[in-house]
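Below: a set of structures, written as structure tokens.
Shared between the two complexes below is subunit A, which pairs with subunit B and subunit C, respectively.
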Partner chain A sequence: MPALDPAFLAVQALSGLSSASSLFITACGLTIVFGVTRIVNFAHGSLYMIGAYTAATLVPRLLELSFGPVTFWAGILISAIIVGLIGVIIEVLLLRRIYGAPELFQLLATFGVVLVVQDLVVQVFGPQDILGPRAPGLRAPVEILGRRFPSYELVLIAAGPIVLGLVWLLLRKTRFGVLVRAATQDRDMVASLGVNQALLFTGTLFLGAFLAGLGGALQIPRVSANTGMDLSIIAEAFVVTVVGGMGSVPGAFLAALIIGQLQAFGILIFPKSTLVVVFLLMAVVLAIRPYGFFGRAEIGGGTHAVGIASRSPLPGRGLILLIVIAVLAAFPLVADAYLLKVATEILIFALFAFSLQLLIGVGGIVSFGHAAFFGLGAYGAALAVKWYGVSMEAALPLGLALAALGAGLAGAFVVRLSGIYLAMMTLAAAQILYAVAFQWVEVTGGDNGIVGVWPSSWASGPIPYYLLTAALTLITVLLLKRIIDAPFGYALRAARDSEARAEAIGLKVRQHRWLAFMIAGAAAGLAGGIYAFSRGSVDPSLLGISTSVDALTMLLLGGIQTVVGPLVGAAALHGLRDWIMPLTSLWRLLLGLSIIAMVLIFPRGLVGTVRDWWGARA
Partner chain B sequence: MTAPLLEVWNLCAFYGRAQVLFDLTFRLQAGEVMALVGRNGAGKTTTLKAIMGLVAASARQATFKGQSLARLPTYKIARLGLGYVPEDRRIFTDLTVEENLETGRRPAPAGRSPWTPERLFRLFPNLAEMRTRRGNQMSGGEQQMLAIARTLMGNPDAILLDEPSEGIAPVIVQMMAEAIRAMKAEGVAVLLSEQNWAFAAGISDRACVIERGEIRFQGSMAELMANEALQAETLGV
Partner chain C sequence: MATTSTIRWLAFGAALALGAPAAQAQQAPIKIGELNSYAQWAAFTVPYRNGWQMALDEINAKGGVLGRKIEIVSRDDGATTGSATRVADELVSREGVSLLFGSFLSNVGVAMADYANQKKIVYIAAEPLTDAVTMAQGNRYTFRIRPNNFMQVGMLVDQAKASGAKRWAIVAPNYEYGQSAAAVFKRLIQERVPGAQIVAEQYPALGKIEAGATASAIEQAKPDGIFNVLFGPDLTQFVREGNTRGLFEDTTVLSLLTGEPEWLLPLKDEVPEGWTVTGYPWDEIKEPKHKAFIDAYRAKYNDTPRLGSLLGYMVMTMIGDSIERAGSTETDAIIKALEDAKFDTVIGPVTMRGIDNQATMGAWVGKLVLKGAAGGMTDWTYQDGASFMPTEAEVKAVRKD
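What follows is the complex of A and B.
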């Protein structure tokens, strides 16, 4: 039994400490940037990745000129400074323009940067992983209780507390630090005292990006720089900052220590996925302390309250509905098999986006992990087919039920939170499911997923499956629309606009939101199930961040304040992708830039922009 | 009469579509204390905020020391030498007294001796005893003193002071009055927004009465004190 061997325990604890150090250095930058700018910078993981690539490229060249520990560490530092300057560029070009925007737009815009960086990194550094050099002077392992332990890891263990100390000194003992802490609390007041916030924010971004770059650069002797680093580190860094309390540096340190140890020893409990343990920690901490260890409630928050307003019913909507049905039904008469396939997918994603609209536009619940339920529906259906051999007619409801169940479970935690903590919790939930689908190979097929998920014979073929999809989508959208216009929908909107007032008139806000979460999850699950049968297979990417962001982008594109927005957005995004993707290998760059452009040009959404314009004229 | 330190004309402000200030025009001379008085909701706070550029929708026509404030961001207005103490004080509660003072520090114009923490501790002796205390462990009155001291650290020529007597103990109100007289003695002009009529009357040279976003009276304090009918109508005293 290895667990009882003290040497094994010691080495596990030490490697836990070293990953805690690395994690802290990166997460510390994220939490400082959030504290001052109130922006959760999705691109922080991209900066970490750039740090690793830069160091893995730069340090070997420097070592060729002059081999030695000084050169190695100087190279690491230079890489971090370069990343810091990239952070400054991002601040000046993008973040500066979205400080006042709703957090949904901030998250989307910085995710746009993630997409752009993913393609740029491949362009600049090439598609292959880059293995960095080992640190001169630290190549020999040390012996700890008779076990060999890499000496570089010991340096990393020291690096975390050193960075904590330096950051502490910077924040406590310098004018810059005092101003940063003041701005964390009250930006307007700092400006009223004559402080140039723009400079302060740029400085903060430099510091945050520098720390991300340092975190990444320090990894090069341990892991090769690769294109998946950004999203894997950002998920962990989010957990650390949320558990520690957004904006709290000591909180991030404590959380990183705990998570490092949990990961080191979690493999004894869940050998495949230590992320599950980490997620449980986050869920427990947020259930007890909704703002993490040292976080605090947002002052004057509620910037996410953009959504659907009440409107009188359209005249002749029965007729419009009939026309829509007729157009949907007649489409196979004019379309070929390819167009039908595209239309089927657009309908599926429209349903998916519409279910998210119920959460965001109506409930004000900014979910960043809605793919979890889309994926659960798809996997639920596929697993039922694979392991129990059930038919499509049974598998679709089973997938829907699994998604609703998952939404019920996640929602129980999620509805206790608000704002950015809520977004992070939903993101974490989706990442956990992604990890489970990816790593539980015996059941889910891992990366390959599950194949052979075909519809029943009556529904197979492009035309029947298209018609089935159209019918299910239409029925579900109408049901959801009915829910939005029912008293339940009014209650959700009331809670979205003012939680305190909604509670004061007797609405049980949490229960309503929980129910909404389950309904939205079920609808997303249905979409996922239909999607699985349309492709004949499922794979973990259905649960990934990109799928969640796709749904959000569709909402943003179509307009968050409208009911038909997500439907239009799904068609637009899907159509654009089908059109652009074959033309270029840089579609992520284009998609990222488009998301950023949308956020910058319509920072308050299309409808908000029009309203502002109208208001200014009046 | 010399050129005014702060000159405001046709100041308008809006919250959404609702107009809350209508064409306010007034002047603040160097070294004087002018009271902006009026009922709750008359627009006093909004006036100060609009001058500082903290109200999103305002038509700001103002000059300070002859320089237009119209398109300046808040921090540049403050750097011209116009200090602002908001009504809710907005102390940085995570920062100590000394750190709060540090946030306000700006160099003094040439030829003037700058405000230092030591000088300010003499002006507000209570603060001297709690230099390393955090803002969240201070009473309302102590926070008010700190807010004023913090703004003085910027060595302003004028201060917009919003409701310094609100919600604090009478003995501290007395100290506030003395502090304002001390500032005046140092040559700092004060635009004082106040609901506490007795307090305002005791320390101000001139007064400006606002009612529903419009100026009803402008003149010397003595003149306003003589006009009891106007006081009763606009101030309810």
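What follows is the complex of A and C.
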């Protein structure tokens, strides 16, 4: 086997080391920020991207003024400092206001920043990818065991340990470092001792953003700055921080080393499945060590859970239900084909968001990868059509079953975790499935997806398909509602509000959560299956992060404390998207800003706000 | 927000009230739907939009077609199959467009072809190059102007014969376009170059290449020829890593599309000289009609043309001609007007072959060379597509219609 050639192995290992180094620099910032602020900053990848764009634009201009290594490295440093300052702006404007908010809101708010930055970067730097200049003096390769190796990569390999050393010095030998470590240990105690928290947090964000910017800027000689950088690095940086243990810098270093080598050699063994290896590693590590290599359990179990409260049933529920059924059934009489299509999609998303409500609102299980089950349902149905030629009637239950099965499998690992590790595990599950759908081309069609998934003839056409969707959605939502109001639902709520007390009175918390996970997964799978037939095709984006975020946004928009919130949220978000998206190319900017505004201004959502207002009047 | 929308509705109402008589006097424009990956693949699609916009302005300045102006409703297709068919559905059922054209990625093209077949509306694939669009997944509603993978790879393989290279490595993005090009290459190199073998294959995910590891994995197989299908950011990174490691020295490299300015310009002065490529040497084109287009484009947009510019311009003019000849905007009439039609385009006559709805547009084949601070093409020839198309028997064997 030629792969055993020692020179080749050496070069491959060095490539792995240099990727590891770059990854560590970025992930190190993420983990420091998390340690102090307890916020998982989705926007960290965006800061990395801004660093790359800034350096790729700035450094060539500087090199024109005076060509030389000093200028190049000064340019890299300036870019990183600029990004650090952007980090400060984000802290002051946004993060400062949500330190006390539930994790879910924090994740969503920082994801809002991701969306805003995606559009802003295109506006500021233009749509083209920008290839940065090579580092002066490092253009020529070096010979290693008779093979050429880029000398810049050697510099990168050195950069990782240098940054590790500097960060270690900063954390161990300065007052700022002492405070950062103290805040990582116990934030409230640091505050009680009279430390200026605002300054400490702003400083931490500067450091984190600086490192993200540095990581991005260092990439410009090897990678062109492009608009996809943010999500691809953030996914890897999450893996590094989670595997290493959230908040642990040495953990991040070790994890980055492992991942770098895994990628370098993985390409030889599985040239087509490079994406899946990384997330599999994360899942395996979390399954064995729930807090990563060097992470600790979160102290005090200070639960951030928010969710639906118990209310006495509304008078006249039966009548309301009848009206809803009548309105849904009569809608085709007034709507044209396109409006029916939109209504069908709204119903599907409503079911999808409602199934997530069972997990988050009722169970307090903040899933950041609910798209996994939506996608499994869609793929299950589409694969059944493609490979076995079954009809829609058989394909929908098969999709549902696959989603329930997937949820059972993922849930078995997920329910052992809590808090942010749990959210990351669900994200990992979704990303693994995404990678499988994306790279297992023979079965799933890869990026091509599967086309030709059309409904049976009796259900094709906008009106019958709308009615079918409405019926299935309504029945499932009522079933789920029944489950929420049953003792099972109350047990989930008890576990959400106080896990320790729930266990003390004999509730089997894990089993309950596991079952909830499967039910929610199955319902999401049904939604996914219906969606596949409404579009005629499936593709990996159904499993992607943005699909998960869509569901969360609907939940947040409608109001997380209410049962009907997700239904209203789905209608509002999808309706707005359909209305605004054709009018503007800045849809992501608008969406991102609205998510941030919702988190900051009315975190209770549409339904919650209306109800409060109603309650105040009464 | 509320005020804006109120004002908009008021304005809309006023426009309806005042504009109604005027609208009756002049016929409503012909609506055509266009969708492409403007956000994700701006390097190609923005010049392409400039191209069709220019042709559209020319058509409408002459009074449009069938006495009506043409209106293009343009949308971003989101660069995924599901998003593109959703956008297409909006264009067809809400905007009521007469036909669709556009899209960039091949997988999106295949999904659009399926959509066109299902909804019985004409779709003209702009950039998707996979053979599937006109072969296995082809249907009577789907047409393509550009030479497909089979044709372009055929042109390159003809050039490969002279090089004497026998040990070939393939590097291609792992999605429809890359898979299709790699499959055609494997078939053609073994048919046309006796003794050729494939010694390495690398399929990085589109936009996610690990360039260093990919380059050294290819180097490890010691090929004397490399067939490259990468483009965009993947290509830039691969070329830089390959240059550094000396991967391309003493190696014959065949590369699809790399001579197109959209992919060549980002390489700046690191252009891998000597690669045999398909592309667009616009700076050396002398034919008066084509030259006139290039000059007009440069004057209008103050930018050099890309291949996308030419393609956008050609697609739009061919659509205008077809509707004029069809005499109506009915789908069946447009299909009749397209099938086996001859078009007089800026690059010369092009025929739309009726059996597979593939046009005979060709490609420029030549070698990469550094011209000043950026790359260009040299020793190039224009290869007419007609002589590289799949035979009618081959088409009949794979098409389902």
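What we mean here is this: the second predicted complex is superposed on the first by the 595 of 618 C-alpha atoms of A that agree within 3 Å, B and C clash if a C-alpha of one lies under 4 Å from a C-alpha of the other, contacts with A are read in each partner's own complex, and residues count from 1 in each chain.
Rule of thumb we're sticking to: a contact is a pair of C-beta atoms (placed from the backbone, for glycine too) under 8 Å apart; a residue touches a chain by one contact, two chains touch by 3 or more.
Remember, predicted model here, so these are calculated numbers, not experimental data.
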{"item": "Touching partner for A:64 - first (subunit B), second (subunit C), both, neither", "value": "neither"}
{"item": "First (subunit B), second (subunit C), both or neither touched by A:127", "value": "second"}
{"item": "Touching partner for A:143 - first (subunit B), second (subunit C), both, neither", "value": "neither"}
{"item": "Touching partner for A:393 - first (subunit B), second (subunit C), both, neither", "value": "neither"}
{"item": "Touched partner set for A:451, first subunit B, second subunit C, both or neither", "value": "second"}
{"item": "Per-residue touch tally on subunit A - higher for subunit B or for subunit C", "value": "C"}
{"item": "Partner chain in contact with A:188 - subunit B first, subunit C second, else both or neither", "value": "first"}
{"item": "Of subunit A, residues touching subunit C in the complex", "value": "2-3, 5, 8, 11-12, 15-16, 18-19, 122, 127-131, 134, 141, 147-150, 153, 221-224, 226-228, 232, 263-264, 267-268, 271-272, 274-275, 336-338, 341, 438-439, 441, 446-449, 451-452, 454, 535-542, 578, 582, 585"}
{"item": "List of subunit B residues in touch with subunit A within their complex", "value": "16-17, 52, 54, 73-75, 78-79, 84, 86, 90, 92-95, 99-100, 102-106, 150-151, 154"}
{"item": "Touch list for subunit C against partner subunit A, complex", "value": "38-40, 42-43, 46, 75-76, 80-83, 85-86, 89-90, 93-94, 105-107, 110-111, 114-115, 118, 137, 174-176, 179, 201-208, 210-214, 216-217, 219-221, 232-233, 236-237, 240-241, 244-246, 266-268"}
{"item": "Residue ranges of subunit A touching subunit B (in the complex, touch as defined)", "value": "175, 178-179, 181-182, 184-186, 188-197, 615, 618"}
